[in-house]
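Take a look at this one; I'll ask things after.
Chain naming follows the written order as A, B, C and D, and within any one chain the residues start at number 1.
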């Protein structure tokens, strides 16, 4: 297992070229946030915007419109009940994330199926949280797209069928080979399974053990793959950055709030661009 | 009466173990906040989240959903009118607080009765504010759970039947013995009555004399008992921390806003962990 | 005309006694903020809460509930269309302010009339903004209460009948004697007319020339008279503080945003308490 | 092509005269922000308020009321569906901006046509974003007013008929002569076409390449022309300031969030007033 260390940052976070414009940095849609979990999609959207994605659209329950904009006027809003609009939007994206705060009921599933039916092979689709659970429990067919999964260990158990106690590198690798895509297996030392290699993160702190941390990571990964061409490197750099910032904050804090990580991203990325 | 001093912090606020995860730090639900008092449940929820509770759910009036998330995307939202959902949520919690901004009308009482009917002996139930008043005035039977009461002196008068002028240590102790649980009797020098001992806080400032201070304390106590195993120590450490932070802020402020205390918690707890 | 200088602060802003509680610092209701001018009542409420009023209730249009709490969980909310509730609330107050963002249509006027019909001689009633215009234009009878008016020069013209160009100290004094109460005549050097004396403020900056500055002043005056016994001194200290903070901020800012003044109040008041 | 440099600031940002009041600094209305793009009109409004406009009214979809006030209690709100109110408001303005987040559907177009039918030759009308697209695509007749256009290169292609690759100074100049007004052609080195001269900005950073940057610029230009008499200088100073602040922030940030620029404006303008 390769260690993910600081070198991934300078390798990935490129100094922006002078004549670039917002289109250069990718369009991303984040789909999630039902009436109960609106905060999850807000935190995820903060990760995408503060990492520097070019254009961010949050597709969520309409009850989350005001609080989304109270945090993020930089994100556009769409109602996830307006299927036609959602389909049109998703077609224009480089990256789509689905699952942060989406829930697992039938309505959540319909929304996910619409996304799955719409994405194309050239698009990056990140599947997070309750979307992983629904794929596993409902036996949904995965779409043909550049897939990224961000399960915690219990969600990975559901998706891979490997019980938490049995999640060894070998078994996880085999499961990933079958499922496809990149798997970000979240734990206190997050592992990343790619077609070619397995990586283990070297950053992270128990001060991160609070709700919303994973939603934030999903948004940051989304923002990084929207901007940086090497998809694997982008994922690794996002995983490293998310926990490295937490490590910094934990030097003075007992608990790190997820939104604080996103707000620190612009400085952190500047310190490590090359 | 034992003094609550700084030593309670290092005794209670443990350095988090490396391989811990959000489940380690407890699930808490805060029930309260009607149409008029939404701010109370927001302040209480801030206390829970910023103290480091693992997972926080705020069960409140739907008109408070947007402002809750504008402060706290980290908290999940549930509508307290959706009884089925509320019951399901409460069953899964380690800690439930009820009363911050709940009001005292019939609808408030129904919500409280649902909570009382749902909690089990292994759960911690914190009863605050208007919930104390309703228990007293409506003669409601207390549920079998690990109870914590956080009355101010007038609410304690209602609950215990002891007039404010007559609230001596002996009488309060006797009343607590009859009622059960832990009683946090709020004043400029808050007292804590436990089955074994009576404690008096040594921190606190008149700069705290403003609306919302008690709601914040209820949330911090909730966050501490969610995380720290010794329930009495957790309550004492929360009471001490809440006013110790206010003391610090009052070095430069004429009045201390309740939300400022919660926002300082992660630093304060880091400075005193052991 | 007496100058209002720094000495008014130490004379007025008393060090809080140790065993005081929120009831010591007064209950205040702020009535205003229609669908268009919700920001005005938010700014006014910020002034009241950050000055240290004991308990603050904002009575406003329901469309302002979320944004009020997004700024101020410390303020309670009431719907100004619920007349019974408003009447009950107002009866329990030490101070009521009316007019910030209230508007001047028939509905605004009904709300104002309800307030006028409810207040009693021992209560302080601050009449601001559109409420002054309505009193003047509709010839409403003023209630028997401790009145404070906070007109700008055009509103004073409407109320007093004295044209702006003719607003001399003598004429203003005579008009105040007829109308009663305390008149805070806002300009770049605000004047305060009391039954015994005329005062002129010595602080203030053109960086304050932006919308919402007066709403903020109304809230700060409300917060000061809620806490400090000498009503005239409290008004003078509020007028001085509001512009003195602006002067400080204008050392580094081209324009001073009204909400910034309120947020600085706790520090400023601490620096000048005695 | 003349370079826009620092000297434009001291030439334009005048020290405010002592006895000025909010009316001195202009009334501005910003029209835009449909259900999807509410963040755009919030960012634009932040630019207007933080630059020091005297009185700011945001005319937008009612779903944006709460989030607008959560950012900006200093801005007044009006529902863009209430045509009568909108017409009345616009008549009283010195400056109107239209287009930030307005959208391009029939309803958006009706709102724009109402604005066009209402403005008078003495008023400044800034046409931004989707409003430019609608003028171009629907062949709308421009009203007789002091026009400012703020297209990016694709919008300019639509409006001028000049393809992006062919947008030379000469051709742009000729197109501007035909269309009239001031054209702010946004790119990594924004150009400003006036009746007499062509200017090129010397500030700007790729850290600005993110959604909302243009909405913010529109609001800042609106705020500057509301306050400063020489319209061309005001536009140039706004363009320079917007990117100069971004340059400063980019010294420590990989990406600059649009709202951060507005929040820095009061300090930046103070540093460069004369």
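The rule is simple: contacts are C-beta pairs under 8 Å (C-beta built on N, C-alpha and C of every residue); 3 or more make two chains touch, one makes a residue touch a chain.
Just so it is clear, the model here is predicted, and its values are computed rather than measured.
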By how many degrees does chain A turn when fitted onto chain D using C-alpha atoms, rounded in steps of 5?
90
When chain B touches chain C, do the two copies use mostly the same residue numbers, with over half shared, or different ones?
different
Gap in Å, rounded to a whole number, between the CA centres of chain C and chain B
34
Approximately how many whole Å separate the CA-defined centres of chain A and chain C?
48
Note the residues in chain A that touch 2 or more other chains, in rising order.
66-67, 70
Tell me, which parts of chain D touch chain C in their complex?
13, 16-22, 24-25, 49-56, 62, 65-70, 72-79, 265-270, 273
Applying the document's contact rule, which stretches of chain C touch chain D when the two form their complex?
35-40, 42-43, 46, 63-64, 66-67, 70-71, 152, 187-188, 205-207, 209-213, 250, 252-259
